[in-house]
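You will see two complexes here that share subunit A, one where it goes with subunit B and one where it goes with subunit C.
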Partner chain A sequence: MTNPIVSVRGLKKQFGRTEILHGIDFDIPAGRIYGLIGHNGAGKTTTLNAMLGLTSYEGSVQVLGEDPYKHRARLMKDVAFISDVASLPRFLKVRELFQMLSDIHPNFSGDKALKFLEGTEVKLGALIGNLSKGMLAQLHLAVVLAIDAKLLVLDEPTLGLDITYRKRFYRRILEDYMTAERTLLITTHQVDEIEFMLSDIMFIRDGELLLHMPMEAVPARFTQLIAQPDKADAARALKPVFAETRFGQTVFVFDGADHAALEALGTVTTPTLSDLFVALMSRDTGVK
Partner chain B sequence: MTNFNETQPIFVQIRHRIAAMILSETAREGEALPSVRSIAADLSVNPLTVTRAYDALVDLGVVESRRGMGMFVATGGRDKLLIHERETFMAEEWPRIRTQIKALGLDLATLLKEDRK
Partner chain C sequence: MHTLRSWWALFVREYLEHRIAFLWFPLGVVALLALSGISALSLRRIESIDGFILPEALKVFEIGYLVLLVLWLAYLAVALFFYFGDAFSADRRNNAMFFWKSMPVSDLKVLASKYFAGSFVFPGIIFAIAMVTGLMFYLMVNVAAYVVPGFALLDPLSALTSFVQISLFGIVYFLLALLWYAPFLAWVGGLSTIFGRWSLPLAFVIPGLLAVIENISLFGNGPRGGYIWQYLALRWDFAFDEADYTLLVFDARPFSALNFINRLVADIDWPQMGVGLVFAAAIIWLASEYRRRRIT
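Our next item is the complex of A and B:
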């Protein structure tokens, strides 16, 4: 086994008197595409910021074997990230940005960045401040893909972009970034769009890691049942983690229930990622 | 659009599509199949999922993985696939279809007559 790309133990973070991460543990191996999923304010961005050395924390975080808070500069050679709030210098032209990055970043290739801009509307002579939101996203992606990074972190990378841009964005990443040696970590609210891209999921709720598993293990553990009307009570007796009535049908989600027993009660499928998210995040309040 | 259904694992559905390409001879024996990367990008799926679909066909001797070159339809691959798909159909799909034919009150003679129209 090779060492994990990211290794987090007992990660805690306080803002003032409020603790917003309550001790999180996880490892991310190489070659995986991770989805970090949770409500606003659950602690996703704080977790990412700790990994990127952008915030102090309690506990241990190792990224590519380094402590990101102490050795951020060294780490940034091998880590690239896009965040919804990250901005590019508005007063530069695209050409000047590439030149500047070539000067300061050892693993940035201006030629690659140029290649990634081909076929987009972004012109080299354009002032960054004059680009549209969609063009900014394309430029940002070109910059990030032109860095020969081992870990790419995307924090809500497609927020505010239309569906065409979003599709092109993910296509580019799968075509031009992803290899067995590289690792991708994404947070997004548009989980349906990336569901099949992910190899692993982490659900984070109120500062705790609620679920961390490979996507391929989901069907064996979680089951969705659309119960026949007269079987709803029988289904309820099997202790679903979630129940919801839609159009007169009751939809249940079970954690670790016997597949065969459920087959007798209605239509059994594997919940989609967004169904699973809704089911687990509303736990404790949902079923009663 | 990707048009996956919810009842089968994605890698099985991708395997089906590759198998359909081979059966229809869109890709002939000895010819290259789409790369893992291009299928992953086209369908927005994890490259490991595509690899898993290909591995299933490599195990059957239908597809050949050539180092550094990609995936190719193996010599005799189409015949092997045809045999395998027929067996699968008879074992898994035919019993279900037969039950449905019975449930609908149809019989073989009626269906064949319909087919000749």
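Our next item is the complex of A and C:
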């Protein structure tokens, strides 16, 4: 087995007296597309910041074999990230930005960046400070996609963008960037929009990793049941992890339940990522 | 090779971000000087200097060029004070920290590039512009020779020699002055990393408060103004005393760069220069460590 791209052991982070991360462990192998999903304040961004060397931490974090906090600058040759699309230097023109990146970043290709900008409204002579938020996102995406990185980290990259931009954004990443040698880690609140591209999911709640599994293993483990009205109590007896009433129907989510037993109680499906998110992350599980 | 390109890119970035203060505005001043020179000559206002006893044309040119260099140095000092009070926190203020942190450059390298840009690149630009104004003044003195009776035409060879000599001295003076005041500029930049533009008043308020606390603690038993005040006063003075500046202006002989550079080098407190540079390096490193821990 090859070494993981990211290896995290006992990751803890405190802000003042408050512990935000409580000792997280996970590995991310190469060539996967990971979704790190959690509520606001769950610890997603802090986890990413620790991985990117942007914050100090307790525990061990290795990214491409390096300690990111000690060697952030060296690591950034092989890691690209977007944490805020509005962070591009506003005083530069697009052309100046590409020239500067060509000089600063050994793995940046100006030609590739130009190619990624084709079909957008972003002009080379435009001042970055004058671009709209959507154009900024397109430009920032073109910049990171033009970096020949082993790991791409996107922290809420489409926040505040309309649906058209968001769809185009993810499609370009999938079509133009992802190869077997590249790894993508993404966090977003719009989980439905990235579900189609994820190979693995990690759910984080209150600074602890609640779930970490490949997407293909989800149907075998989690089942959603829309129970027949007279079978709700029987379903409840099978210990669902979550239950709620939708338009008069009771919907259950089970972890590791017997499919055959559930099929006798109603309509059985695989929960979508957002269903699973709601089921596992809700403090009120609704099962009592 | 890539390291050099990376440094170059960081200097270019500083230039692009601050070109208004260090190129466009000075060029505007040059244009104004040129306009006022042309208008003075074309409207023959220069004839009003008839009543003055003028030294020979070469001395007029030398004194004029020296005065221009002093004025440009004064402009540079003010511009650099504001540059260091702003540039070290500009990425935070412009919400660009995440972008720069995603680049393969350390925080120390980013801040060092800002420091070197402020200490060498921008002064270099200003000095080049100062030289242009020197050449403009040479033209003015020559034209004035046609207008003012008894004012001899400037010998081109002597003028060129003086221009080179004064420029050479100016470069050394600019460079040594920047090295002498490096700890102050680094101090302003270091404070700016933490306090942003508040570093501008804090650069004076903090040492002032320390001096007051020292005086209160020592009940006035220390030297006049206290040890801190005495030391800062020592650090504030750079090399030349009044006699040197008088000689610089009123020496009847053609300007000799070597003579004045020798005097300058002899007058500088070199151990203090060394202490100041170590202090500046320490401040830049501490500022980079602070920046390393900040993402917003």
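One rule holds for everything that comes next: the second predicted complex is superposed on the first by the 283 of 288 C-alpha atoms of A that agree within 3 Å, B and C clash if a C-alpha of one lies under 4 Å from a C-alpha of the other, contacts with A are read in each partner's own complex, and residues count from 1 in each chain.
Simple rule for what comes next: a contact is a pair of C-beta atoms (placed from the backbone, for glycine too) under 8 Å apart; a residue touches a chain by one contact, two chains touch by 3 or more.
On a predicted model such as this, the values are computed, not experimentally measured, just so you know.
Participant: Do subunit B and subunit C fit side by side on subunit A in the superposed arrangement, or is it a clash?
Facilitator: These partners fit in the superposed model.
Participant: Scan A:Ala126 for contacts with subunit B and subunit C and give back first, second, both or neither.
Facilitator: A:Ala126 sits against neither subunit B nor subunit C.
Participant: Among the partners subunit B and subunit C, which is in contact with a greater number of residues of subunit A?
Facilitator: It is C that touches the greater number of subunit A residues.
Participant: Regarding the shared-chain residue A:Ser56, is it in contact with subunit B (first), subunit C (second), both, or neither?
Facilitator: A:Ser56: touches subunit C, not subunit B.
Participant: What is the contact status of A:Leu210 with respect to subunit B (first) and subunit C (second): first, second, both, or neither?
Facilitator: Once the two structures are laid over each other on A, A:Leu210 reaches no partner at all.
Participant: Let me test your reading of the model: by the given contact rule, A:Phe91 touches which partner, first (subunit B), second (subunit C), both or neither?
Facilitator: A:Phe91 sits against subunit C, while subunit B stays out of touch.
Participant: Angle at subunit A, subunit B to subunit C, CA centres, as a multiple of 10°?
Facilitator: 140
Participant: Which holds for A:Leu159: it touches subunit B only (first), subunit C only (second), both, or neither?
Facilitator: Neither subunit B nor subunit C is touched by A:Leu159.
Participant: Quick one: is A:Met76 in contact with subunit B, with subunit C, with both, or with neither? Answer first, second, both or neither.
Facilitator: second
Participant: I'd like to know which partner A:Leu238 touches here: subunit B for first, subunit C for second, both or neither.
Facilitator: After superposing on A, A:Leu238 lies clear of both subunit B and subunit C.
Participant: Please give the nearest C-alpha separation between subunit B and subunit C in the three-chain superposition, to the whole Å.
Facilitator: After superposing on chain A, subunit B and subunit C come no closer than 26 Å at C-alpha.
Participant: Show which residues of subunit A both subunit B and subunit C reach, each in its own complex.
Facilitator: none
Participant: Show which residues of subunit A lie in contact with subunit C when the two form their complex.
Facilitator: It is residues 49, 52-56, 72-77, 80-84, 86-92, 96, 99-101, 103-106, 144 of subunit A that touch subunit C.
Participant: Which of the residues in subunit B come into contact with subunit A in the complex?
Facilitator: For subunit B paired with subunit A, touching residues are 2, 4, 6-7, 9-10, 37-38, 40-49.
Participant: Across the complex, what residues on subunit C touch subunit A?
Facilitator: The contact residues of subunit C facing subunit A are 2, 5-6, 8-10, 12-13, 16-17, 94-99, 101-106, 109, 292-293, 295.
Participant: For the complex, give me every residue of subunit A touching subunit B.
Facilitator: Listed in rising order, the residues of subunit A that touch subunit B are 31, 33, 167, 170-171, 174-175, 178, 193-194, 196-199, 215-216, 219, 269-270, 272.
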